[in-house]
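Data block below; observations after.
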Amino acid sequence: MPHYEPADSFETPRFTGIRTFMRLPYVTDLEGVDFAVIGTPFDTGASYRVGARFGPAAIRNASALQRPFNAAQKIRVYDHLSGVDYGDLPTVPGQIEESYRRIVAALTPIVLAGVTPVLLGGDHSVTLAHLRAVSKVHGPLALVHFDSHSDTWDSYFDFKYNHGTPFKRATEEGLLDPHHSIQIGMRGPLYDPEDLDVARNLGFEVIDGYELPQYSPEQLARKIRERVGDRPVFITFDVDFVDPAFAPGTGTSEIGGPSSRQALDYLRALGQLPGGPLKFVGCDVVEVLPAYDHAEVTALLAATVAFELITLLALAKAQAKQQAGQL
Amino acid sequence: MPHYEPADSFETPRFTGIRTFMRLPYVTDLEGVDFAVIGTPFDTGASYRVGARFGPAAIRNASALQRPFNAAQKIRVYDHLSGVDYGDLPTVPGQIEESYRRIVAALTPIVLAGVTPVLLGGDHSVTLAHLRAVSKVHGPLALVHFDSHSDTWDSYFDFKYNHGTPFKRATEEGLLDPHHSIQIGMRGPLYDPEDLDVARNLGFEVIDGYELPQYSPEQLARKIRERVGDRPVFITFDVDFVDPAFAPGTGTSEIGGPSSRQALDYLRALGQLPGGPLKFVGCDVVEVLPAYDHAEVTALLAATVAFELITLLALAKAQAKQQAGQL
Amino acid sequence: MPHYEPADSFETPRFTGIRTFMRLPYVTDLEGVDFAVIGTPFDTGASYRVGARFGPAAIRNASALQRPFNAAQKIRVYDHLSGVDYGDLPTVPGQIEESYRRIVAALTPIVLAGVTPVLLGGDHSVTLAHLRAVSKVHGPLALVHFDSHSDTWDSYFDFKYNHGTPFKRATEEGLLDPHHSIQIGMRGPLYDPEDLDVARNLGFEVIDGYELPQYSPEQLARKIRERVGDRPVFITFDVDFVDPAFAPGTGTSEIGGPSSRQALDYLRALGQLPGGPLKFVGCDVVEVLPAYDHAEVTALLAATVAFELITLLALAKAQAKQQAGQL
Amino acid sequence: MPHYEPADSFETPRFTGIRTFMRLPYVTDLEGVDFAVIGTPFDTGASYRVGARFGPAAIRNASALQRPFNAAQKIRVYDHLSGVDYGDLPTVPGQIEESYRRIVAALTPIVLAGVTPVLLGGDHSVTLAHLRAVSKVHGPLALVHFDSHSDTWDSYFDFKYNHGTPFKRATEEGLLDPHHSIQIGMRGPLYDPEDLDVARNLGFEVIDGYELPQYSPEQLARKIRERVGDRPVFITFDVDFVDPAFAPGTGTSEIGGPSSRQALDYLRALGQLPGGPLKFVGCDVVEVLPAYDHAEVTALLAATVAFELITLLALAKAQAKQQAGQL
Amino acid sequence: MPHYEPADSFETPRFTGIRTFMRLPYVTDLEGVDFAVIGTPFDTGASYRVGARFGPAAIRNASALQRPFNAAQKIRVYDHLSGVDYGDLPTVPGQIEESYRRIVAALTPIVLAGVTPVLLGGDHSVTLAHLRAVSKVHGPLALVHFDSHSDTWDSYFDFKYNHGTPFKRATEEGLLDPHHSIQIGMRGPLYDPEDLDVARNLGFEVIDGYELPQYSPEQLARKIRERVGDRPVFITFDVDFVDPAFAPGTGTSEIGGPSSRQALDYLRALGQLPGGPLKFVGCDVVEVLPAYDHAEVTALLAATVAFELITLLALAKAQAKQQAGQL
Amino acid sequence: MPHYEPADSFETPRFTGIRTFMRLPYVTDLEGVDFAVIGTPFDTGASYRVGARFGPAAIRNASALQRPFNAAQKIRVYDHLSGVDYGDLPTVPGQIEESYRRIVAALTPIVLAGVTPVLLGGDHSVTLAHLRAVSKVHGPLALVHFDSHSDTWDSYFDFKYNHGTPFKRATEEGLLDPHHSIQIGMRGPLYDPEDLDVARNLGFEVIDGYELPQYSPEQLARKIRERVGDRPVFITFDVDFVDPAFAPGTGTSEIGGPSSRQALDYLRALGQLPGGPLKFVGCDVVEVLPAYDHAEVTALLAATVAFELITLLALAKAQAKQQAGQL
């Protein structure tokens, strides 16, 4: 069975070669693959700035700086995982429902093949399609959602599908179990006081951006652990979760967010959970708009977040192996 | 009856005040108005780079540098015309057909009121809505189309409405009379040799970007004159008509186009036609994407093109007045 | 009596329309107006980088992302306030004293009409004109000044008026009561040890940027409360108060400042004062230079700061109403 | 035998997928391949600005806009050619001679396999390695060199290998036949009057940038034709051949060059030669520095130039087929 | 007597060392100096975009690419001239009249010392100060003025000194002889038809931007020659003379200007005059705003223009030497 | 004996004059000089992004904002020190070993003259040359190294000299005493778990980026103090030590680092050591790549770091004077 890992950067410089995520091989045959990095280049769901269709390419470019040993978590990721870059899912610019159909049709077989998808958006509307495909295999998902917005509007301009509504839709469609889901980091002004309560009324737990500074990464991780229990978990990370100083290249920035370091600390704490790892079945990193980025700061943040999420997979697998060995 | 003209830049500096086109008053009551500058902030029709929704704002910002006397044409534009900035037409990002409905509904009464619309896109898909509204009042239009692409595809990804198809649709819908229409400047690679002929088969005359250098501005103007005859004329100007050195801020650049000076010369020659002015009933300037612009070069080009088109209106009115006077 | 509030962004997208602050109506008739957002596009006072004349336009552009419910303060701002965008004050580029005259002449009637001005600079020299107009109506003001510089030089190159001197001048002219004023955040190298003491010798309390990290937002708010007492308060916020990572688009950046989140926390704490709200009569946000900004990070910070200041007004009015109701 | 051509952009949008040149398949098995696009990401030879190591990736990104039918030459390129993106050649940043060894070792087998290499630099020093590999198979080459500099210095700082010396070295090494080679476009100040004559003394014909405007594209093409005769031709195109307005993203810009349109016209005229096509055995496009580019203008120019060169191959093959058919 | 010339770029790379113009020594002792490059970092006269105070530094940075042999004119400039970078003249930001006093006081002794000043602006208002100093020594000057604006307004906002008025003032003060002066390239809209005539009524000959394309460089040079006769000539070059594609980094761009190549051709033709060289006593290059530039395109244009002007000096001196030798 | 200090910015604006560090005089005669700011414009050692050769010029430009009184440390630096800008050391782009030879040859006499060098890189490979020169005079050095990478690889692509290896080489060559050296801030993924231990196995103490947040500036300073003892100390500061939000303009960014304020606090705490100042004999600030910077944020950080390091010298000298006075 093949084992896939990044090209050796001591042999060819990291700026060399066709741009795949982390210099992984570009492979579409899923035999022997644990996780696949997959782009969803789509931005018709965006309500303000647009351009996330170029997000996957930008994240791939920036990911050349990632290396296989996660020094924060002290794990050689590819000792435990075989991973590939699968390329991009099909989309139709300007056609959100058709794009959903194509994304779901293309993504479902990957999930069915037992591969964990690490998805690169696209605006946040693509997460609805991601959840449709993943929940088709794993059932209702526990969502862990890092963002400065809840994205639980009912509609925008009387339309149901766009980047402000995916988690309302996902709840209605039964893709999520909101009672085991959690949203973290919402901040910025709203249209209405009720906006605050929409997500909570749907059943989500919300730790907003004003409460968040009171949580240490460990406390937040425990909170998440408790919330999701042993349900299959999907993590969605919108880069506007962090302050625009750390992620200028995004569509609807909100001033006053956490730093990149804090964001990474929150994610890393999920790898050190006392009760064992999350049952992590998929994730996406969304809303990178390279036309507004500079020096690839946002794209590199997204690539690093994706690598930290992959690391959580590796940690879970390592732990499982260890437990199996102990039996 | 009110007369509207730009704020006096000897009284308040040009960088002062709410950004309207050319510092015209922002007015939505159409009494006494000859032309209205109107934005159509929409880009869901874009097949590659996106962001033309911010085009109208960018063109307004840059237009502060325009002044009322057109020195090339030697005419004081506001001696002959009263003009306003009408603001933007309603659109729904992500919903092209609904946006068309809203644009047409909002634009038609303006045209009916006898006001000549000077429209600022938006990607080129918005022109279909512009043509629907204008032809509803003026009947089938003679199109004068400056662009590096014909935009006469039948569909993209099996979808009928986007920025590659407006002139196919407009012909089918009878909004245009292709036999009195002309396309100028098409260049860049195509998918197929037949692509070259689609527009011609629809009935358009096409002077492609390889033939164009053989025409002097005067020859081109005469060619256009001849083609459109005395039919009502709509002029559509895609900024990618010029070389990307002169218009970097656009969505689907084609290397090797004319310069800004050449583009202006073509337009200005239309004001000096021997057989009298075109019967000019509306125009748009499209595909300005400020996120890719620098130093407002593209936005300023678009603002200047819009001013040259307004000048054509003024010249026609001046000529009409003169002729009336001579009777 | 008219009530003014932002355009509904569920009806027209936020990227639509003539750019006014927060999509407020552009109105110059002050009946029924509680606060007016007003630009002062002027930068002749700048000693290093220039370009703040384009600050008001940039802040207006970025403010489209602001929405009317302040989620941090949990208040629907326009339930308590009617607000407009009044446009810009007249200035003469290159002529600071003449500009002061024109600004004061235009601003004074607005203040006299009982409208609270929320002013958008311009370089920091414009604050002297703002203070002249506001103190003409409200008497000597208590200044709350967020900045990385004291701006209390006596002169620069033997000239009295520029962005390094406004608070020296304001004190001399009796516009301020320095003994009830406070400066916060000064940092970065100086010309002389005495520079440190100039502001203090004038009577200001100064919490410099090295002491500031020792204050929690609540402690700082109490300190300010104590200092200003029940005098009429003018808040001036120079965006270089924050670190240049959070505000690159400014003129005289000083490395090592607070984050955007910290700045917002300081302002928000002023809305939660135990002894009741400040008697807040005017404010400005200055030194936004869009030519040095990227992805509108600085302009969006300034827009957010302005909205937080407007929220303080709303909170005060809400509290007053509540107290009136309790009587 | 496999036939390779670009992905169909009516099926998946052009912004989709792993970035290869023109959306060609990424293939390293050379069976059935007529030409291979290959990157040489190297910039240690640069004497002023650096960063051409990111050139191949940038050109690939921009090339997504290229389509398979060359409308200027009226040829469906992939009816005549099968082409792939081969990825990048190995280099060692900081080590020019070692990089030369690795490039030559990797490139020679490709040329030996009968594949025409279309190489993407890299700074101009890489052309020496390209010439070593190509001439190893085809013997001394006739060089057609578009550039604003002759790059025929003997040494820089006493060192023999850098981007100022490749054509001196290539002549010394017998890779070129200077008497059948031609340099076009040299301009800008020099160190010494003798600098003008170095290339001529080596045997090159030089049409400098001051003489060039006197040549029509057809005249230039005939001049080149005459010069190279029926020798195997290598075309090297440095993007600083054009004016920096058309190619800002390069390392040693010279003001006052031709436009993009003129550059394309020169290349296209080579496809319409009366005496039959050039015997074209390889080419490179060099000195794209994306860190200095904006809106991908330079990268898109380079991608277009590469496509025009590929078109010359297709035209030659079409002509050969036709002649064979006529026999 | 000392002879000054640029550092040898074969010894130290051109990106090395304190940034002086063309890597000339920074010298303020004028013995043995033929020409001095001098900055006038001032922009208080600007009516729209500001930032030309950083122009001299930007031009110096870009000038590192200039080399001492002018290949277009075929002259080794420093065989005939000794030149230095003198640094910057004193200015007071925000104070135009005081700045004029300081500039004139500092520049006059340089001119008196027989040194030809090559001045780097600054906005165009600085030229008035330059002319005051130069005419003090040489008497009324013949002006050769390349620009897209006449800069002959009487006042702006009732103020007499700014970048729109210098040549009106200079004429009034007798610094110029307008009847032997010429303005070239004016284009773009105006406030009034009379604006066209202001300069002509003052006595200037004006070849506007619409007539200019009819002149070959040689014809233009002869026209200039004729106009200035044997009077002392001052050349002033505003970079907005060229199209913004070639000079984005400026303050009041006008679309539709000549290219950089055309601008250089006009200047170079002045070196090949049949009736002998102009009596050239000083020059400036103005309105470079680096905050709006990219890839140093504008700064490099300005540096090249300055070098071409220096070359005219060298050509004149060479010719004089030759004539002396022939006697 | 001469005393050198910055130009008075109350006399000439800070944007005026030839760009030297902090507006210090450009002097190469070392009499009376305590410290010299010296550039090392070299980047051939870079493994990913390149362009640090323009670092010294960018840092000099940004340093114009520095003023002589360090308000954080409350010391008038030039009361204690005489300092100059010495210009740049000689390098050969593309030739690392030759550049080392030239740097060492030029730097050694400066160190021998008793001048403390404050060096501006350049990529981090230049530090090896700096250490060779400084240790030649002062013997094995105690290194204090702020960075996100250890730079202690043995080789890259089998080559010994580049920006990933300087501290391995320095240890081998005996330039450092690793047992009295300390590395601070290493973070980001690695190739291998062993990578973590390379520096430690060489003898360095390493406080990695994950441990660092646990140290207060004072604790870190004491740790450093303890480690280096009274050995001669060289401080090397790679700007990628801080998060890319604070230093976008660098070559191998690692997300999740400290802020600028934290970095300055660490340095400033070194000036307040209980056991007396460090025996500080030299320093460098490296890896500024202006092509990736914006609004000079990174360059200004580097300039500020250099000024803080100079302040440490001043504090040590002041303390020494005081102690001498007390005897």
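Here the chain labels run A, B, C, D, E and F in written order, and each chain numbers its own residues starting at 1.
Just so we're on the same page, contacts are C-beta pairs under 8 Å (C-beta built on N, C-alpha and C of every residue); 3 or more make two chains touch, one makes a residue touch a chain.
Please read these numbers as outputs of a predicted model, since none were measured by experiment.
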Chains in simultaneous contact with chain C and chain D: A, B, E, F
So which has more C-beta pairs touching, D-F or A-C? A-C
Taking each chain's centre as the mean of its CA atoms, the one lying farthest from the centre of chain E is chain A
Separation of mean Cα positions, chain B and chain A [Å, integer]: 42
Please report how many Å separate the Cα centroid of chain B from that of chain F, as a whole number. 56
Indicate the residues of chain C shared as contacts by at least two other chains. 11, 13, 15, 47, 53-54, 92-93, 157, 243, 245, 259, 292, 294
Go ahead and list every pair of chains that touch. A-B, A-C, A-D, A-F, B-C, B-D, B-E, C-E, C-F, D-E, D-F, E-F
Would you mind writing out the residues of chain E in touch with chain D in their complex? 9-11, 13-15, 64-72, 74, 76, 243, 245-246, 259-261, 264-265, 294-297, 300-301, 304, 307
Which residues of chain F touch chain E in their complex? 11-13, 15-20, 26, 39, 41, 53-54, 57, 60-61, 85, 87-88, 90-93
Which residues of chain E touch chain C once you look at their complex with the stated criterion? 43-47, 49-51, 53-54, 92-96, 98, 157-159, 161-162, 291-292
Complex contact set, residues of chain B against chain D: 47-48, 156-157, 186-193, 195-196, 208, 210, 243-245, 248-249, 252-259, 292-294
